[in-house]
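Across the two complexes that follow, chain A remains constant while its partner is chain B and subsequently chain C.
Take a look at the complex of A and B:
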């Protein structure tokens, strides 16, 4: 695998093992305030349309987070993450119809079952170089689309598939008792997402995170350092599948009705595109990616602009990220703003020729 | 199990499909060996060409012109991408190069959906004159398009093999597959050879797009993702042998169509590429894979 997607200069990598100093505390405080605002401010300020959209953003931020772990931390590329999401949603919907288990238990089960499925898919490909994994996941996405089209999502029927084509009154997929309404469910989704982000943080700050970083730098070197590369790659794949499965469970409750046409193969590709655009090296990137993926289309839809323009934009974004800005928007925008600020202040103080580029 | 006679027509259609997958696969392998790029936009550029040809046909252009335009569009887009982004990404990992072509896929996909929208339920079709006429083998009717498809697969595979073995350009491509830097040091115009590989791959994408639009359907999504079948063949051939690519492509096409008459499996036949590729990966000896990684590292 060797030189994967990381193009970053090692010199400008921030030292993450700093003692919690003042900047750190300010950062934690900012994040807390931001989260409180999202949890309590958003449901007050936004219309129902945008609350639903933000619920989707919360769901997909988990998916892009999972994909970001694979791509950014380990250097594995999955082109089938939406198919994994579909598995999670399917399992959750089936369990929600079949049992009266509390919602969090169902989410956990959906995550675990999806994890097993993801590991089974990843196992043959993980022995190989990254390109093979990307290809096999793309084919997997195509295959899952086929299976779902035949199997359909559970709609309250009986049997293994839980699908009854002749059902007239299809019952909605239930939500947790404490989060029946849309604003409450939005908060629920955000809290689940926060837990998933914390789970990833717990991984990246400890042994698995260091092993992944070593694998990303150079697999032979990691092997020589005594790291069980297959185990840790599989671990990353399992973690990503688990998080995506949980996201699928949240999605099932959010939309009430699931249809197989809602998970086409091309969405997996678009998802990789936005994840790369958002930035795979930071967790903010996952949020940015989810906003690109769910919020922008909702906004354009409101304005009556075709979503095809977004597809084109995402395509251009991928090429831009891979050629010039490997750390994505989450990294690029603050840098550009800082650079722009410097440029402006220089222009204001003295009209000297500015060497820095603004883009 | 349905009687054998039910399978017979599907042998013909499967071989035709396999032929197109084979020529696509050969194009993908040659480009990958020469430039290190796995061209995932192969299906999308073919679809772009086919849809452009359809529009020209609607405007009253003669058939032969629309076919040429189809191939020219696919070749032009591919060459432009290769010349613009090839050098910029030349030193990157094959995975990065492959993901970059996904960017191109999305751009083309968005454009096609914008220009030839399917939301109106308008069904398009592209028919070649070779659909009419043909001959029959026993009970089975074979049309000329199917013959052309399989024939093109065979001719392209053999032709590419000969080209790589005996021509100067082919030798340069094989040299670049081994080591780009050393080849450049030896005085081979690396960029020009790469451009030739891109152009060749684009032409094949155009031909594949034209044939698949006739054999399968003229639809942006279908054509874009039919590349998955060729990718399976390429993967089974471990991105190197064009002979294995050809055989694997024929098997993928044939198996896919032979599953059609079996009622219990017919809905799952589109999984064929995935299943075959996954099985191939499982039985692939690890030693070979590791050797390959070292070579390409």
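Take a look at the complex of A and C:
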């Protein structure tokens, strides 16, 4: 035992953890190149239609990221995320009309106010799980939709709601001064999304991440180890709501005009479906989910195919993921590609020595 | 030391513990009884998962029932579960280190402490085991991970809920050695619930017997196992 301890000295472990290995460096480099390409290549290569679509992908990648934290990390199923997004968008729109604060400050405030709302929604989660929690959050989403349909989104009017009742002469929701145009705003949205992904990474790699893993796998074990499960569950709801609130703020600037019909209750269900399809255990899964949710319909629209077909496709997709790939497409596709590569190389290597053998 | 007075737990109309009073001093103590006698309920009350209808529980003079469940674990009430609850996706080390998440000890001390607990239960025979994911381990090793999590740091009360269930004989005898050593190694009062009477008599100096939520016998293990009431209610007539 003593010998074992001296061999496994804490300092060794710390340095070995700090210094990233070669595969990790390659991964970091790949991600950096990919992000640079997205930030500077996309606006050059894509038409305005697809740039707007990719801005939406950036916004919804934050929403699916947040949902992934709840479902994948902590095991809490929420069907109210679109309503949370709507709250973030509402707060941001109101603040953007009412104040001249810089955009990042408004995003932060929208995130924080949505966070408070999210924690309130999270309170039932302390006693409920699974189907019942899903039901409660779905009801909440429905309630928010009703409230929004009555109040409407702010459009530059006065008072708390900021709605002027007019359907014409509506001022657009402003964008940050440095990102007025669509390509620039796309970059802005991607950078905000990167920050949110970093925020989640900072959580999952540290104490909260370990506590969430423990809660998801065994709440009794987490409690027996002295983990304050109440605190960490609410923390997860707070983090998810903050990120979704920030996403709502980015969405407000992206679309310029917000309408309550843009946040239907059933979209929360579709969001959960694509999040599961993308993969709830990895951050790539959130990106894949956002592409499925925003890019795919835009692509189909462009081809003149009705995006309604996607409901069927997503249904089959969820079935496929639940039965064969619990970690989602983000996990399955690379594995399948590697398998395909191995198969091809085996076929090729079998074919090449063959002529030599026959002679 | 633990003193339980008039403990009553009801689930709807079912009385799971009925005015139970009990005192365990030190060492490893056994708690036996037929299925449904209230043994796990008793553990659940101690660890704060179940709120009793009446009664008091004092451990080393501290009123346990007034503490939140996670605080009890931090104070030193540790347990294992009837259905093993090691976290599959974490390593053995991280499973045990979970207990230290909230302590203010330095990283090096925590690490030494966790490795000490892993060594204590004998999971360090293969130097790769502490870093292995729990899902790669055998059922017996997983039980030991749970025990290591229960003894790491400074436990005051270690509750073992059927740790030998489903284990082959050789692993049970290793487990018996570990359980016997817990009080001396950690200074904690250890309570063992198990249906394996040879394990109970091998580990426990004192044993209490529950039947339908009532305490029907308590005292030195050998004497309790010869008690007529116990034989009738639980062990069966030979």
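Criterion: the second predicted complex is superposed on the first by the 326 of 359 C-alpha atoms of A that agree within 3 Å, B and C clash if a C-alpha of one lies under 4 Å from a C-alpha of the other, contacts with A are read in each partner's own complex, and residues count from 1 in each chain.
Simple rule for what comes next: contacts are C-beta pairs under 8 Å (C-beta built on N, C-alpha and C of every residue); 3 or more make two chains touch, one makes a residue touch a chain.
As the structure is a computational prediction, the values presented were derived from the model and not from experiment.
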Exercise for the section: Look at A:221 in the shared chain and tell me whether it touches chain B only, chain C only, both, or neither; answer first, second, both or neither. Expected result: second
Exercise for the section: Count the residues of chain A touched by chain B and by chain C, then name the partner with the higher count. Expected result: B
Exercise for the section: For A:139, select first, second, both or neither according to whether it touches chain B, chain C, the two together, or no partner. Expected result: first
Handout entry: Contacts of A:322 with chain B and chain C, given as first, second, both or neither
Key = first
Practice task
May I ask you to decide whether A:269 touches chain B, chain C, both, or neither, giving the answer as first, second, both or neither?
Solution key: first
Exercise for the section: Determine, under the contact definition given at the top, whether A:204 touches first (chain B), second (chain C), both, or neither. Expected result: neither
Practice task
Go through the superposed model and pick first if A:150 touches only chain B, second if only chain C, both, or neither.
Solution key: first
Problem - First (chain B), second (chain C), both or neither touched by A:164 - result: neither
Handout entry: Contacts of A:282 with chain B and chain C, given as first, second, both or neither
Key = neither
Fill in the blank from the handout: In chain A, both chain B and chain C touch residues 1, 4-5, 7, 220
Exercise for the section: Sort out for me which residues of chain A touch chain C in the complex. Expected result: 1, 4-5, 7-8, 10-11, 13-14, 207, 210-211, 213-214, 217-218, 220-229
Fill in the blank from the handout: Touching chain B in the complex, chain A uses residues 1-5, 7, 75, 77, 79, 124-125, 127-132, 134-136, 138-140, 142-143, 146-147, 149-150, 220, 264-266, 269-270, 272-273, 276, 306, 308-319, 322-323
Exercise for the section: Using the touch definition up top, name the residues of chain C that touch chain A in the complex. Expected result: 47-49, 69-71, 73-74, 78-79, 81, 85-90, 94, 98-99, 101-102, 107-108, 111-112, 115-116, 119, 124, 127, 130, 146, 149-150
Problem - For the chain B and chain A complex, residues of the former touching the latter - result: 38, 40, 85, 88-89, 92-96, 98-100, 102-111, 113-114, 221, 224-225, 228, 231-232, 235, 239, 267-268, 270-271, 273-275, 277-278, 281-282, 284, 286, 289, 292-293, 296-297
